[in-house]
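Handing you a structure now.
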Amino acid sequence: MTRHVGRAELSLCSLLRAFGAKVWDVVMTQLLAIIIDGVVYASWLFIIAAGLTLIYGVMRILNMAHGSFYAIGAYAGAGMVGWYFSTGSVPWLSFAVLIGAALIAGLFIGLLIERGLLRFMYGRNEVVMILVTYAILLILEDAIKLIWGVEPYFAYQPYSLLGRTKLAGLSFANYDFMLIVVSTLIGLALWYGLNRTRNGKLLRVVIHDREIAQALGINVSRIFTITFLIGAGLGALAGALTAPGLSVVPGIGIEVIVLAFAVVVIGGLGSVSGALVGALIVGLARAAAVHLYPEVELFVIYAVMGLVLAIRPQGLFAVASARKI
Amino acid sequence: MQTKSILLLIGGALGLFVLGLLVPEWLSYLMIIAMGKGIVVLGVVLLMRAGLVSFGQGLYYCIGAYVAGTLTQFAGISDVLLILLASIAASVLVAALVGLLLCRYRGIFFAMFSMAFSMILYGLLVRSSVLGSTDGFNVLRPSLLGWVPSDDASSDLVLAVAVVMVMILGSLMWLYFRSLSGYAGEAVRENEIRVEYLGTSVFRIIYTKYLIAAALAGIGGTVTALVSGHVDPEMAYWTTSGEFVFIALMGGTSHVAAPMVGAGLFELLRTYAFAIAPYTWQMILGSTLLLIIIFLPSGLWSLVSRFSRQARG
Amino acid sequence: MSALLETRNLERSFGAVTAAVDINVSINAGEVVGVIGSNGAGKTTFINMVTGYLKPSAGEILVDGRSIVGLQPRAVVRAGVGRSFQVAQLFPELSVLDNVLVALGLSVDRKLTLLRPLHSQKRRRKALEILAEYEIAGHADEVVATLPQGVRKLLDIAMAMLSSPRLMLLDEPTSGVAIEDKFALMETVMNRVRKSNAATLFVEHDMDVVQRYADRVLAFYDGRILADGTTAKVLSDPKVQELVVGHHLDIEVDSADAYESTVVPMEVRNA
């Protein structure tokens, strides 16, 4: 009798244990998926946001046209990769074509805008500069349509070229892992450039106090140009790197700019490390929403932003700027 | 003096209404849309006079529109006056909450956070299948105090509502801009420290303006929804709010008529741009915006006032 | 009977820098107090704390025996403490008349009327009367941005006086004003202040002006009060002469004090 009860208990226990293990498995798989998707998304966001925040930090311009740089990078990259594969050349070189095309396009348009327009506007109110860059965004949106048309572009080849990896029963694209690596490298390069090089230190002086920088004889105008080019380049690069994963269609720049704003604001405007943290927060929050409750995908990003702002209005890592008279 | 201006207003309203009936249907439609947007821009201008640029009035525009849609489509309420009241109530309620957070900010922060809040609504609407997700849904024809207009008369009713709203709200805002509260906005723009040291709360001034602007945007959204017969989440998208800012800058902030004229020109320009060169509309907008910022920072209305000043001597 | 203003062990530091420490001051109704001290001695920090612009790091501030620590400037103003600024705080794009009309509405009527016009015959007349009292009525229709320094200073003080404060703090009323105009300006201001029966505290670098108008002098040095007493007594104190009076002649531009009175936004706007 007692043995019988004991056995029943035993089987109940094992049942529970098995059930627990099953739940654990599902939860862990879900968690793994959320973390990996989140980090991939964050990597992509970081590349965009880093350029945006750098330009704001140095130039005090919240550049709405950053979304256009992203779109131009995506179109240039996707367009050239499509052409490259049609020539039947070595597939591996397509990565170089993708990135090269985007960077050239991004730097060209960045130089054109900074030298041709923005430099005449320096010193204006920050809100006016938002409106100016909004105007540039509108113009570039149509310029993109005129150059590349309105049909979608696909540049899936680099994406499929790298294959996929199975991890705990889930399949991930290796291309996405590469995105994480590239984003990390960009982050490290920015950190090194800002903290360890002479030009980077000059840049930080400008970020901290433009007038003192000018008084010290730093060529602020040159630093502005360089910063804007780096920012534009990063925007275009982000576009190129996303292009293989999706179809490049009109309007992607307009979509991306508000996301980048959210990231940058969460981290603190003007702070590159803040952009990293912001990107991770937004990336993970979005991935969690997509996997658990897809209805709130977009909502969650701005809700996080609202939360951060309610608690810490200047963002998590705001750059302290010198008080002025 | 008082009666004269009231007569003038009634005359203006009648004139506008008759004009709306005389012109071809597409132009009449365009007129109503322009009036709807003009009302929203009135609120944008109100904030601009206090030194704040809102890139998020689309939030309340969309709320006003969806209230009209939901009431006619799902609640069986079609009375224009009820719909307008509900829109105002909904917009002001949301603004009362959002404003608590938002009105602490100035400059680019105000611009961006207002944008973020309208994107929250957009994000919610595109995923709510009950409300038609990205496609939105149709708004049924309105009625007035038990009178249900026929197909043809329906657009006339909306025209009348739009004209009356424009005239009433325009006059109220005209008075408002001249009152202490109106000037308080300029005072805040010019020097918040001084305002605080006069013993007045800057936050309260801005908060009040934010609520008024929200109510105006809600009304504008309702008018637009009633005339177009359709609502969709795009109304809360930040580019919609960008349009309002554009119209405000184009018209200028010095007179209540400027947003209306600005909105009219804007819609006319858009119609022709789409017809003549479809992929250049935003390019035209952007270039115009740049030209205005560089050459005409006080908007087109500054031309009007410059001419009238010259004419006077 | 408690003093009009009383501060107890008031202290303020900015990070590692201590701008004011151990400030114990008591001011009674009707007193006219001159405040002297070199740059960065803590004068403006003191005024900023008393008017709610800066929160003290430690200590207590009592107006009529009631603590005002932690109150916003607007609440301090309503408690009866007014102030003028080293750099006049005006509405630069409005006309002088509109400045006064807005200030009248915001500080006296205090009802944010929505639809009644700000410009009425009655209010205009009142505003012009006020301007006349400060002898700047001739500038009524000029835009503030184009005004000479002295007029700005007077307008700034006139606007602060509208709420009839019982204690008026004047932060360097004559700075930026030509030497030959200083006495005329002070004469106008002190006339108005005396008429309103407000106790007055004014920061001043010119010892002639201090001697002429102050009954009592507070000498600040290095964030502390070095001396407090009748004008004659404080100004003849050898320590004051060495550390305070000797200083002020050398340095004209008040960079450190200007730093303290920095016009930063009330809340975070451009972090």
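Should a chain be cited, it is by its letter among A, B and C, assigned in written order, with residues numbered from 1 in that chain.
Quick note on the criterion: a residue touches a chain if its C-beta (ideal position, glycine included) is under 8 Å from a C-beta of that chain, and two chains touch if they have at least 3 such contacts.
Bear in mind the structure is a predicted one, so any value in this text is a computation, not a measurement.
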{"item": "Most centrally placed chain, judged by C-alpha centres", "value": "B"}
{"item": "Per Cα centroids, the chain farthest from subunit A", "value": "C"}
{"item": "Interchain centroid distance [CA atoms averaged], subunit A/subunit B, Å", "value": "34"}
{"item": "Centroid distance [mean C-alpha coordinates] between subunit C and subunit B, Å", "value": "43"}
{"item": "Approximate Å spacing (C-alpha centroids) for the pair subunit A, subunit C", "value": "50"}
{"item": "Junction residues of subunit A - those touching two or more other chains", "value": "126, 313"}
{"item": "Residues of subunit C engaged with two or more neighbouring chains", "value": "263, 267-268, 270"}
{"item": "For subunit B, residues contacting two or more additional chains", "value": "104-105, 107-109"}
{"item": "Subunit C-touching residues of subunit B, taken from the complex the two chains share", "value": "104-109, 172, 175-176, 178-184, 186-187, 190-202, 204-205, 208"}
{"item": "Touching residues (chain side subunit A, partner subunit B) in the complex", "value": "62, 117, 125-128, 130-132, 134-143, 145-146, 150, 254, 258, 261-262, 265, 294-299, 301-303, 305-306, 309-310, 313"}
{"item": "In the complex with subunit A, residue positions of subunit B that touch it", "value": "53, 55, 101, 104-105, 107-109, 111-113, 115-117, 119-120, 122-124, 126-128, 238-239, 242, 245, 249, 279-283, 285-287, 289-290, 293"}
{"item": "Subunit B partner contacts - residues on subunit C that touch it in the complex", "value": "51, 72-74, 77-78, 82-83, 85, 89-94, 98, 101-103, 105-107, 109-119, 159-160, 162-163, 263, 265-270"}
